[in-house]
Structures are given as C-alpha cells and as structure tokens.
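Okay, handing you the structure first.
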Amino acid sequence: MARDVQLLTKGFSPGKALGLFAKAHPDAGGIASFVGKVRPDGGVKVLELISYERLTLPGMEKLADEVEGRWQLDGLLIHHRTGHMRPGAPIVLVAAAARHRRDAFEAVDFAMDHLKSRSWFWKREKRGDGWHWIEPRAQDHDDAKRWDI
Amino acid sequence: MARDVQLLTKGFSPGKALGLFAKAHPDAGGIASFVGKVRPDGGVKVLELISYERLTLPGMEKLADEVEGRWQLDGLLIHHRTGHMRPGAPIVLVAAAARHRRDAFEAVDFAMDHLKSRSWFWKREKRGDGWHWIEPRAQDHDDAKRWDI
Amino acid sequence: MAVTVVFIGKLADLAGEGEREVAAPLIWAGLADALGAEIAAAVSDDRTKIAVNGEVLADKTALSASDGDEVALLPPVSGG
Amino acid sequence: MAVTVVFIGKLADLAGEGEREVAAPLIWAGLADALGAEIAAAVSDDRTKIAVNGEVLADKTALSASDGDEVALLPPVSGG
C-alpha cells in the first residue's frame, strides 16, 4: 500500500494534494477524504499547533500502521500542519483510496478521530485577549472511543 | 445551506469540483468527500449508467433534502455521472461542508449509501462477451439499511 | 390519443427500443395487449415499478394512464 | 554532563523557555531541585507525561535520564 504521511510547517493546498493522490491511485474504486480547517468563529485570530519532533511524526506513522492493519486500502494520505495558522487555513487532510467504499470511509473517519484527540499536538488560540491553550472537546474523546474494541 | 446537485452527462474533474466547493465554504470547519470511480477490474471495458429524466435528478434533490434535514451542514454537493464511462473515470462525487466533523462524515456516508442502492440509476457493463446488467451488491443494500431508523 | 411508454434498462433490451406510443387509455389489465406478453410478464415481477409522469405508483396494478401521459417501466435500480 | 529538558505547550509558558540543560542524572525525585517546585508540581499532574529520547514512560516516576538524554515534559495533547 502506498503511504504518504507528512508533518507540514507551511500552508498547503488540500485540493492539489488530493488531485495528486487520486492520480497516484487510478485503480482504486473510491477515495474518501476529510479536510479540517481553522474555524473562524470565537474571535480566533491565530491558531498555533505545536508538535514535538521525536513523537509527532512517528506517532502519525504509527497511526498509519494501525489504519493499514484495520482496513483494506490501496493508498493512505495523512498531511498535518504545525505552526501558526489563520482562520480558514487547512490544518489536516486525510485521504484513503480503497476498492470498497466502506474501507475508505472508515479509515479516514478513524484517522481523523485519532488525530483530533490522541495525536501528539498541542494547540493554542490567539484571541482579542491573548493566547489560550486548547484541550480536545469531550466530543472528540467520545469519537475516538468508538474505535476501542 | 448552499446546495449543488448535478446529473452530469460528460466527464468531470472531482478535484476541481472539490476545490471550488471548498472555496465556496470558507467558514466550514471541515469538508468530507467521496469520489467513486469505475473500477478497472473484472475485464470491464465500458460502464453505462442510465438515468430517467423524470426521476433521477428529482430523486437526487430529494436525497439532498433528507441529508439537509438529518445533519447540520454549511454546504452539500452531489455530482453524479450518467452515460458511458471508461475504467478509472469518476462516477460520483459527494462532499459535505460542516462546522462539526461528524456531521460532514455521516452526511457523505449516508448520501453514498443511498446513491449506491436506492437512487434511480440502472447500470450495465461491457465485457469481452458483451453487455451485462448490474444490480447492487448485497453489501450495498446492507450499507443503506444501517440508516433506516 | 396516445400514451408514451418508456422502457428502462433491461426492459429496453426486451422491447428493442427506448419508448413506444400506445393507444390511450393504458391500464394494468391492458399491458399484455398493448406491449406483448413478454414485457407484461417482466413488468409483473415484484421488483419492477411503474411511474406515471414521474410519479412512482405505490400500487402498480392501479395503473391508469390517459392521452399524453408518460408511463415508465422501471426494473430494479442498480445504484450509481 | 547534561540532560536536555524540553518543555511543551503550557509547560513552556511556565518554564519561560522551550528547553533547558540540567545536570545529569535526572530522576523523578530530583525534578523539583532541577526545575523548580512549580514545574515539578505541573509534571506531577496525572495527565502530564514524560518521554525520554522519544519514548513515553509508562511510569513517569521511573524517570532516570543520563548525560545526553532528552527529557520531554508533555502536557495533555490538544489534538490536531
């Protein structure tokens, strides 16, 4: 299976990355994907995502291992930003190419749930009154728990 | 909610359509999508999808109504091909933009399950020995049943 | 004084054409006379549906089409 | 003869810097002496983890870092 896992320090175009991913997997019956962006609500001016070199990318690779082990895929892409981002900027792109639709969907869904609550990122938001550290929403924890068998 | 439902008679670029959809929804926190293509296995040379004007597009609009009613979305895109397609060609693109990830995922998942087994399309494949009519896989029926409450 | 009958999918193969004009009115009991026994038998299949002017009949045996109506004979859908 | 301590997220705010060199060896009981009571208290929080050279300790009180090691103090992750 072709895998493309990247921790990005600069802005990226999810549309372009998806187009290349689709081209790289002409034989897959379907491609499911998710793009997460900085939400412009709550007066957020800047979002900062902090990674730790020795854990973050290795953790993303481990996640990809787990996804590959659970679902039958032709290809898997996980691109995740780190650093400072403005509202509307893409943070994460996950895409899975598979012969069967359900495999592609579940792989992306699982990877996103994992990334949102269990991956090695720390996050803070700059609002009018300065920086605030963010923890995962309870919903994100619940989402991730769905997969614990 | 902005809705873009189209029955297409010619080839299209899912990447381009997704890019435009993302641009049209800068405020959405996330966009989930699925692209289904003609699978190149089984010796299929051409796939023909047949629609019936008075039911197919109205049915897709009704599906979009149902999706809108079930999930909180900022935008919904359903593009579906009809006519003759070669292996590797895109058949369907569904994308949902939402504030919350789960809404976007489930909306696309549901719409795909519906399109794959309950929408007004008839399908045949041309193989080495001629044309064969296709019915939904049992899996597709089971997928759709998941949503029947 | 005609009803347009639209044949979809397999039924178009069977009919040898995509649509045909038949004399109005067209009712369930008159299908074999209007379209032949083979097509009438295929339409009797539980999974075959009938739409009149784009409205799928809940009970296809209640078919009653008048002049100008379009009757579509719909085999089981394949999905997209 | 130094251990590099990396402060992540909130802990970097508390430390006023991203990393600091402290004398080796560094063990759990020596954290307050090496980094101050405030940081040691924050590291005691159940949800704070410790990694040594990129390996997260299952039991952080077993911390035992030698010269050249990198010790990362990890607050609860926020998710991406």
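Here are a few things to note about the model shown:
As written, the chain order gives the labels A, B, C and D, with residue 1 at the start of each chain.
The rule we apply is simple: contacts are C-beta pairs under 8 Å (C-beta built on N, C-alpha and C of every residue); 3 or more make two chains touch, one makes a residue touch a chain.
Remember, it's a predicted structure, so these values are computed and weren't measured experimentally.
Among the remaining chains, those touching chain B as well as chain D are A.
Centroids of chain B and chain C (each the mean of its C-alpha atoms) stand 27 Å apart.
Chain C and chain D have Cα centroids lying 76 Å from one another. With centres defined as mean CA coordinates, chain C is found 50 Å away from chain A. In chain D, no residue touches at least two other chains.
Counting only residues that touch two or more partner chains, chain B has 36, 116.
The full set of touching chain pairs reads A-B, A-D, B-C.
Residues of chain D that touch chain A in their complex: 6, 8-10, 51, 53-54, 56, 70, 72, 74-80.
Residues of chain B touching chain C in their complex: 36, 49-50, 52, 54-55, 58, 80, 91-92, 115-124, 133-136, 140. Residues 14-16, 18-19, 22, 26-37, 39-41, 88, 99-102, 104-105, 108-109, 112, 116, 139, 143 of chain A touch chain B in their complex.
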